[in-house]
Amino acid sequence: MTPLSSTDLDAIRLSIQVAVAATLLSLPFGFAVAYLITFVRFRGKVVVEVLVNLPLTLPPVVVGYFLLLLLGRHGWLGSLLDLAGIRLIFTLKAAVIASAVVGFPLLVRSLRIGMEAIDPQLIHASRTLGARWHDTLLTVILPLSLPGLAAGSSLMFARSLGEFGATIIVAGNIPGITQTIPLAIYDYAASPSSDEMALTLCLVSVVISLIVLFMHEIMAKKMIRRD
Amino acid sequence: MTPLSSTDLDAIRLSIQVAVAATLLSLPFGFAVAYLITFVRFRGKVVVEVLVNLPLTLPPVVVGYFLLLLLGRHGWLGSLLDLAGIRLIFTLKAAVIASAVVGFPLLVRSLRIGMEAIDPQLIHASRTLGARWHDTLLTVILPLSLPGLAAGSSLMFARSLGEFGATIIVAGNIPGITQTIPLAIYDYAASPSSDEMALTLCLVSVVISLIVLFMHEIMAKKMIRRD
Amino acid sequence: GTVNLSVAASLKEVINELSDSFAKTHPNLKFIKNYGASGALAKQIESGAPADIFISANPEWMDYLKERKLIDTSSIAIFAYNTLVFAGSPGKASSMQELSRLERIALGSPKSVPAGEYAMEALKKAGLEKLLEKKLVMARDVRECLMYAERGEVDGAFVYKTDALQAKQAKILFVVPQGLYSRVTYPDALTAAGRKNKDAAAFLTYLHSNEAKSVLGKYGFSIY
Amino acid sequence: MQISMTAQKSFGAFTLSAEFTASGDRVGIFGVSGSGKSTLVSMLAGLVEPDSGEIILDGECLFSSTSKINLRPEQRRIGMVFQQHCLFPHLSVSNNLLYGFNRCPPQFRNIDFNMLVDVLQLKGLLDRGVTRLSGGEKQRVALGRAILANPRLLLMDEPLSALDDGLRFQIIPYLKSVSERFGIPYLFISHSLVEMRLMTDTALVFEKGRLVEQTTGEQLARNRIGKSQVGYINLLKLGRPSPASSLYSYPWGNSRLLLSAVSDNEEVLAELSSKDIILFKNHPVAISARNLLKCTVRSIFDSRGTNGIELDCSGNTLISEVADDAINELEIAKGNTVYAAVKASAFRLPGFRPSGKFIS
Amino acid sequence: MQISMTAQKSFGAFTLSAEFTASGDRVGIFGVSGSGKSTLVSMLAGLVEPDSGEIILDGECLFSSTSKINLRPEQRRIGMVFQQHCLFPHLSVSNNLLYGFNRCPPQFRNIDFNMLVDVLQLKGLLDRGVTRLSGGEKQRVALGRAILANPRLLLMDEPLSALDDGLRFQIIPYLKSVSERFGIPYLFISHSLVEMRLMTDTALVFEKGRLVEQTTGEQLARNRIGKSQVGYINLLKLGRPSPASSLYSYPWGNSRLLLSAVSDNEEVLAELSSKDIILFKNHPVAISARNLLKCTVRSIFDSRGTNGIELDCSGNTLISEVADDAINELEIAKGNTVYAAVKASAFRLPGFRPSGKFIS
């Protein structure tokens, strides 16, 4: 096996950074959206569901293009950020956003499955004990959604590690700066002579995601006390 | 909006075919794997989990590349199939397999979240009533996993509609034969003059997946009688 | 200073070598290189991605940026040319006409891959389009075409000479006659943002130096 | 407490129409299985929305379909002990117990945690996850959780059904004293007439979703003389006992009674079934019954086959149940004198746990 | 049925050591809340694996830690009524009921569905989803589901706790007749001594995870004379009644008894508490009790403060509970004659539902 070059090590570091940041960033939003869809009746729920699931249905490259339109200098969000002196395109932040958007539907779905399995009587019980909705949310719904949360965030993390199409478009493929593992693999696979390096990176990627998967499972088991 | 060309209509038809076939094909396997991981203790469970999650962690292109190695004329499965006169590469079947493999971890995860929420006492109850494991599987675990199954298969369906990286490698991008919506979008998006067509196809894709999402949700609600 | 490059992926090796040797004589200069599909690069530049120099795999995307006034028009020049070849297992075919004997032929998807567009053009001119219609496999890019040929999934593939030279199994079976397709050109230019970057201008000049031409030649590009 | 309810709720063929006004701090709800008891209390707690009607508690409107008022459960401060426990599976026993306590306004956090844990016998279990409890342990945690929240009204849906008598009769006096001391009125659902007599003053009887009887617990029991197999339960306020050979002598108004059971309390409420009192016209001799009381007949009320006789025993009231024939034979009539015999073992002391650890 | 168990199971500080051999078709399990009853039956059903030991049912080894035998629950054909119902939430009432029925070998599918539905009063609910039932309705479905599977042993974990007396005393005789007719032995957990007396012959008493007493139901009740607040319950086999003025006259062995309750059955088992029998040395006059029986004292057994007196009444046996002092006063001794007085309303007919729809 060929040893890893310094840009490979950079790619590994960047990938982990991106995956961790994307997952952590998405958790509160994902939880909020899943809660809204599962427990709250409101107008325009359909619209929320559509938006959340959009990135799943579209090829990641297309998602990347849409993000580019949104966050680019002339995009409506990008132009605002530009005024504030913030540039996202071609930075690691953009990679994080790309991963977060692409993985978001997976997180929300997992959370919803978990939330839907919660016995409504438990929520009733907390209400009769004086808990207001946000209190119930934090002390009953959140802990009981932990299995879904753990599953969802590990899905999201793994997906982030593999995210390629949207990332390469909004973050570019700049070694040492925005080149994550999938982009590095793409580069290696471009030349027939470096197939082996591509395989090595694949392996690294798999090992990382496995570590995370197992950590999550152990966490989930510890966090809820059931028989 | 530009009207859809006949190859576009082909792409829509093919996409639906692929997504439906991939989802239906994966359901029994996904259910079996989720069941094994959730309820059965066996050696090598780790290996199964690794294999299932692999396609999620790796960029779809890499998955496609591995599938090519496996199913290609000289791949170890491909060469066997070749003897039997079956060729998969560059056919719609390959697109189905690519979508199935990429979406599989999503399906299994969703099913697992649903299965883990089943009260073990219900399984106990069915056992004391004389149900053997496969009976319990079909009459208790399956119906109670329906919410997870519906969620998982709608995730899978949506993911199939968006699958690009792995499909284009194993199925090729042959208009009218293997060109699905994402591949057609890619083609359109690559030339400055046909951006609009790409957008139209995106919309079609979103609409289809939404229809399926809602169908699933209605189904899931009807199938389980809860308050 | 720094120079931001947005370069078509097929030029990766060439530009890596050229930027390294340029950096040797300019120790304070840092290159930030972004390789990708020409269309994606153009869209990124349009969205404000930092780029001083843009090298496209076809003139179309250069024109796209030019129209949007994102290119320093005066700096546009041809960086290199490429040649379309047919690569595959030795002995499968030795001319365009013999292609009809083959079962499967790979080419880049004509709509999205320039090499595929050129190949299609050549097939049309040679009158083989209808004949081969069912045998064509459209790949995402040139690299995939070559991979199919290398692994024997197809009998042969239309690829650039520069790619074919890197192949291990597949060999160049024949060179597609230049008369059948328009010339494969790689235009380069300073972007509007890079106009003021002296280092970028210097590097662009270096790209047209004789030293650069010999490197291009080494990788199989032609310069005239 | 004053509840006024005129609420309807339909589930398919079943319709509960809860139309009543009840006052008093200890209200019982009777009814056979499926008569709508749980649905009624769920509407009060705000967990089930009535199809129409109005619910008013102590002058405050909790629900009104016409004024479109529907207070949320947490705004009502009505506690509930669910029929199926509904413990939080992710919390330990003590965190379940303290859930409502921690959420109630500081000035109401005055129920003694340690004493509650003691009475409910949950001491060793506090750190345990609630999924790893026995059925009766779960029920006790559910009860404790609701009490600690010190609600302004406590709804209890068969809160003692999974408990043995020893525990049950230890918990009942505690419940009553907590209710009195902290001013927590309650609604109590139970199938046991004895539990109801002990726990409630007013009783609502439901049948197929309709209120068929509203009465005091006292009256309810009297009405059921002859219908019930247990009979009317006389509740006797007794003072502190003193030993009397192998038995115990308790003051009861101006007279004394001999009981076989002993109690440590200053005051006890003993139960005596109307069926356990035998009447004689003349003073009997050599009888095994240890208590012979000279009484005056105050009134006679009848019900199929048997008659309730209200007796005045040195100023105390006792109700005995007697067959028609006996009325003539003993010449029982208002104002006449009779002798009532009661065995020392016929009394039942609630909360009394015999030395044997196990009782019926 | 013959069960032999020597199994241990520990949960942290709690250890259940189930060491006993029991035979007979109707076995009761007593014990206060948390004493290990549910754990015991779960081990029998194969739902909880013992830490060590052996379980043998009718000569077949179900579990053995030394021989590494552990039959799966479905191989044991042991039915279970769970303490918390455990109904299948995705199935209707009738599909829940039929779940085990459809899975039992055809030759055992002989329990009458309609009759069961009748007794359990589930008729109108068959198509309903089980999540939309009241607490008592759920419990009845759970009971019916287990019975219809016609298991070779039925375990019932407090199966009647959420039911009113009316239903309870309708279900008990049904359970017994089904058990007898189809040869289904059972283990019955309950906190009610009356239920236990009516339902079981043998009783295992557990305390803190250990068997502290193994006895017949009869003996268990006798031992508890004086300890229990209910007393020993005499069970009297009575024949078909005939009306006698406002009461009913029942044949009882060679004599007759007057009861205030009527039954339609050919034969009934009436309950009479030992506390409801008053003894006289001489024949009393003008007494409200409608039954006066001349008896011979057969034996006296004592327990703290009260004594059990076994009486022979024209060949029938009765046990009365009497205070120490009374023994001397009435000169009660083996062979002496006494008169026993019992009120017509003191008898309790199990399964008897008074015309009022609601009873204690």
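All chains are identified by letter, namely A, B, C, D and E, in their written order; residue positions are counted from 1 within each chain.
The definition used in the following text is that a residue touches a chain if its C-beta (ideal position, glycine included) is under 8 Å from a C-beta of that chain, and two chains touch if they have at least 3 such contacts.
In UniProt terms, the chains line up like this: A, B = Molybdenum transport system permease; D, E = Molybdenum ABC transporter ATP-binding protein.
No experiment lies behind these values; they were computed from the predicted model shown.
Between subunit A and subunit E, the least number of touch steps comes to 2. With contact taken as defined at the outset, there is no chain that touches subunit A as well as subunit D. In this assembly, E is the chain whose CA centroid lies farthest from the centroid of subunit A.
The chain pair sharing the most C-beta contacts is D-E.
Measuring from the averaged C-alpha position of subunit B to that of subunit E gives a distance of 57 Å.
Averaged C-alpha coordinates give centres for subunit A and subunit B that are 20 Å from one another.
Centre-to-centre separation of subunit B and subunit C, using mean CA positions: 35 Å.
In this assembly, the C-alpha centroid of subunit D lies 25 Å from the C-alpha centroid of subunit E. For subunit B, residues touching at least two other chains, in rising order: 65, 186, 189, 227.
Shared interface positions of subunit E, defined as residues touching 2 or more other chains, are 84, 132.
For subunit C, the set of residues that touch two or more other chains comprises 147.
By the definition of touch given earlier, these chain pairs are in contact: A-B, A-C, A-D, B-C, B-E, D-E. Across the interface of their complex, subunit A is touched by residues 45-47, 72-74, 76-80, 82, 84, 86-90, 92, 99-100, 103-104, 129, 131-132, 145-146, 149, 151 of subunit D.
Put simply, subunit B touches subunit A in their complex at residues 49-50, 53-54, 56-62, 65, 105-106, 109-110, 112-114, 116-117, 120, 147-148, 151, 155, 158-159, 161-165, 182, 185-186, 189, 198, 202, 205-206, 208-210, 213, 227. Residues of subunit B touching subunit E in their complex: 119, 121-122, 124-132, 135, 139-140, 143-144, 146, 223-227. Against subunit D, the residues of subunit E that register as touching in their complex are 11-13, 30-34, 37-39, 83-84, 121, 124, 128, 132, 134-137, 140, 157-158, 161-167, 191-194, 205, 207, 224, 226-231, 245-247, 258, 260-261, 274-276, 278-282, 284-290, 304-306, 320-326, 329-330, 332, 338, 341, 343-346, 348-349, 352, 354-360.
For subunit C in complex with subunit A, the residues that touch the partner chain are 9, 12-13, 32-36, 40, 43-44, 46-50, 143, 146-147, 150, 166-168.
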